[in-house]
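Both of the next two complexes hold subunit A, though its partner changes from subunit B to subunit C.
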Partner chain A sequence: METTERKTTILLLDDEPIVCKRLKPYLEKNGYEVETFTDSSKAMGRIEERDFDIVITDLKMEGIDGMTFLTRVKEKSPSTQVIVITGFATMETAKQSFQKGVFDFVAKPFKLSEIHEIVRRAEKKLRQEAASM
Partner chain B sequence: MRILFVADQYDYSAYALEEVAELARNTFADVTMLGVLPRDMARSLSPGRPCDIALDHPMMEALEQYRESFLSRWKEGDSPYERKEPRYEWFFLGEGVCEQLLICRGSLKDLKVRLRFGQPVSEVLSAVEEEGASLVVLGCTRGDRCLWRDDPTFPQKLVQEVPCSILLVKEAHPISEIHACMDESNITQDSLEMVNQIAVLHDAKLNLVALTKGGGIKAEVYPWFDEVYAYYRKKGLDVTSQFKEIDEFERFIREEVQHGLLALWMGKKSLLSRLFHRDSVEHFIGTCRTSVLVLR
Partner chain C sequence: MQNFCAGSSVTGDGMARTIRAKILAITVVSLLFTCMVSLIYVWQIMNLSRMLFNAQRFEDLLNDILEVRRYEKNFLLYGDPKNLTESLVYLKDTRITIKTLAKDIDRVMGKGTYVKFANLLEKYSFIVDNSLKNKSITSEDAEKLRTYGKKLVDIANSLVSRKRKLIRKTFGHTAAVPFVFLGVFVIVATLMVQLVFQRLLKPLKVIEDTIERVGRGDFSPIPGEWSEEDEISRLIRAFNSMAHELQVNQEALIQSRKIAAIGTFTAGIAHELNNPLNNICLCADTLIEEYADELSPEVRELVFDIIQQAERAADIVKNLLDFSRTDRLVLSCLDLREVIQKTYRLVKNQIMLAGIRFEMDIPDDLPKVLGHFRSLQQIFLNLFLNAIQAIESHGSITVRAVEDSNEFIRVDVIDTGKGIKPEDLKHIFTPFYTTKGVGRGTGLGLSVTYSLVKKHGGHIEVESEIGRGSKFSVYLRRCKPELCENGERSVNSGSG
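After this line comes the complex of A and B, so read on.
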């Protein structure tokens, strides 16, 4: 991660605890501020309280599904870069995600380095958008 | 997901391409198509000079055909691999020289076509590491053999060595059932997810098979088996379970796994690996008439 005035903030939502357990320390080690949620309604509450630079979300979850969640994220904070991670990838969900304005769509399984690379590209986009304002 | 498609110029690789394309259509995976040629062929190459002038090998034409066939699966505007506006990028040409080349990349995801030179298994292992591949896919001859024409034992050697999951496509036919065989507690999250994706992709039934020895299953494995079953049930898959004696395993895959996909969890502690000699995976892959997914 390049040096910035503050850490890039990431909200990670996946109803499988192991995904959060695996990604959180990895991203924190790489200099990010990470909040994790396994309950989509709690994550929804959190995004109403504050904006995040990057949101990484699963799609298929009990309660509020990932598509509803990411739609709300983009409504509330259009500049937030959303990365979808899913174990149920289909062409329809991929296309729908991009139509909703997600930054990237990643099918599980993935290597941690793959997510890190995408997060770095999302950061670059955030910087470019901030510079053009 | 990042897929490494290891190919040569023969029909079975074209069959395997169908599976790669179907996976990519649904997962929007980054895909690398890789061919490996003998190291001495690289001697005719010069830094900065086009490879296709120096090399005259059918592998190159095959890789180009696979690329075009792969890209043709999408309607215009739908493909994540559709070329973006070309732009200049710096490339290292070797021997202290860089050159700016006009490059056209995929709009959302990468499709790379690569040639490597050297010993095939070690070159593929290097590619897996460099690309961060989650899945290696390759074709091989159908039926009770699993060979490559120019290097017959390559698929089986690769299965033994590759650190991630590997799909050996024997024939191009629909996968309606996955027989996922487990015998150990050491199952990775990646491998669980890989089975899930493939089951969703093919809308396939999942048959979980616990391998037992002398009528029993290791005490520590039983809760895992239950947990894996519950995991897939919760995911909404159509899942069944059964126990099979390890001594009956060969007969099972020869007689009962006639259709669909055989998935083998093969970790370091695998009963299959311990009970049989080192070539066990190769042996089972040879015995099975359908495609095989080795999970790691």
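After this line comes the complex of A and C, so read on.
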């Protein structure tokens, strides 16, 4: 159910350019406003400028890593739903992520439809939270 | 001379078989023998000294009789009765002497000799007495006196010579005692040396060689039968069992080190592979999602193949990560029946499709096991999948659980499949070792199972016979309340 008002905004951070190149048009086609970054410091700069509804981030990256990034996102905007995508899913990282308030944790490799499904659930949660406020 | 210590006598059953008992026995026997020989020696010496003393007295006796005869001759030749008085003094002495020597005389010359001797002496004295009274002697009596006198001298002479002979004989015997002693000593010493050499030194040399061999990494046991109860046999049996334990531990250590090293290595590779695999998946997925209508069926098939193969590679990577996972499992008390049933459900369709009979033989009152539910499920899932693949057409898989000991519960997964070749058997837990055809297995299933069982504090064993099937025995720790981390209590009477 698409709203006619403003589109749900998504920030996607992954140092793999292909992930960005594939997910951006796919998610845009499904009605989301998407910004992608392959450099975590640039993404960090961007979230200081504005809040996003949903943030999708990889964990292991050069420079600022995913955990630091999502911690900052949650600090600045607690209502933002964070989805972690990672190539090295261990119980430890999963546990740590959920402690930080991450919405979901997806192991690579994943399918476009999987990501879409999770984004949809995150969106639903956002709406529920907005309604209860 | 050996220094024998007075040992306690050997008592107790079974002790006689030990080397200690043997040495003790030899020592005690030797000691007794030495005592006996020494006593004989002392007795012989004392005997000799008594014999020498008696011989002296025999000689005195002879001399007295010779004196008597000298006075007899003088009297008979010159007729002076004074000679007879002198003769009587000596006769009296002689009588006293033979009385004291009576026993000895009988012993040396035979019974009755003393009486004969005393009678002769009486007769002789009687004639001498008569002659002294009459101051003369008849020619008849003179003849008698001569005969008796001669007989007395003969007896005394043979007494002396026989006694001397006896003394010489006794001397000979006494001289032989040290030689007998020496002979026995040589026998005892030989026995001791033989015993020490055969039962101690030789086996010790074997042990020394074996220890060197073990040091070089060869853990084969000391050859030969060592079923006896002596110290060395017991030592060798203990040593052999130690070598066996060492070998088993060494193998386990090598295996776990190998797995740890490969684990670290594979974790790195697996992680790095996930990103490109993800990219392949995403690209192929996009192709289907976005351009599905423009693609010809052949191209679509190609794209699906790409996705399928990427997923297969992803599965391998997932297995690798499972295998190399080092995080500690949180163990709790689990109902094994439930674990097996839930695992069975995952492969039920596959089992039915392959026409395999599945049997579960788990007693209701089986104690709970200490485990991590999902890991246990993975352990048994891997074993079931292997069993299914091993059974080419129809067959059966049996899961049986028993209490193995106070500490472990053994779960046997038995299949009637094609079995594992003996040369493959020791490699089956090695990562990437697979006997399945290309594309059928990653060669990781059993090594994942192995490392998961290890993380449960248990171990896994395998038996197999070509053409008959295989049996995997998983030993899991029995649940003890203090070992549970989630506080769940284990109750022995099963709750289903």
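Quick note on the criterion: the second predicted complex is superposed on the first by the 131 of 133 C-alpha atoms of A that agree within 3 Å, B and C clash if a C-alpha of one lies under 4 Å from a C-alpha of the other, contacts with A are read in each partner's own complex, and residues count from 1 in each chain.
The rule is simple: a contact is a pair of C-beta atoms (placed from the backbone, for glycine too) under 8 Å apart; a residue touches a chain by one contact, two chains touch by 3 or more.
Model, not experiment: these values are computed from the prediction.
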Partners on subunit A (subunit B, subunit C) - clash or fit: clash
Which of subunit B and subunit C A:106 touches, first, second, both or neither: first
Partner chain(s) touched by A:98 [first = subunit B, second = subunit C, both, neither]: first
Subunit B versus subunit C as contact partner of A:18, first or second or both or neither: both
First, second, both or neither for A:88, with subunit B first and subunit C second: both
Partner chain in contact with A:34 - subunit B first, subunit C second, else both or neither: neither
Partner chain(s) touched by A:26 [first = subunit B, second = subunit C, both, neither]: second
Touching both subunit B and subunit C, residues of subunit A: 18-19, 22, 60, 87-91, 107-111, 113
Sites on subunit A touched by subunit B in the complex: 18-19, 22, 60, 87-91, 94-95, 98, 104-111, 113-114
Subunit C residues within the subunit A interface of the complex: 267, 270-272, 274-275, 277-283, 285-286, 289-290, 310-311, 314, 321, 325, 327
Residues of subunit B touching subunit A in the complex: 1-2, 25-30, 78, 80, 108, 132, 134, 189-191, 193-194, 196-197, 200-201, 235
Subunit C-touching residues of subunit A, taken from the complex the two chains share: 16, 18-19, 22-23, 25-26, 29, 60, 87-92, 107-113
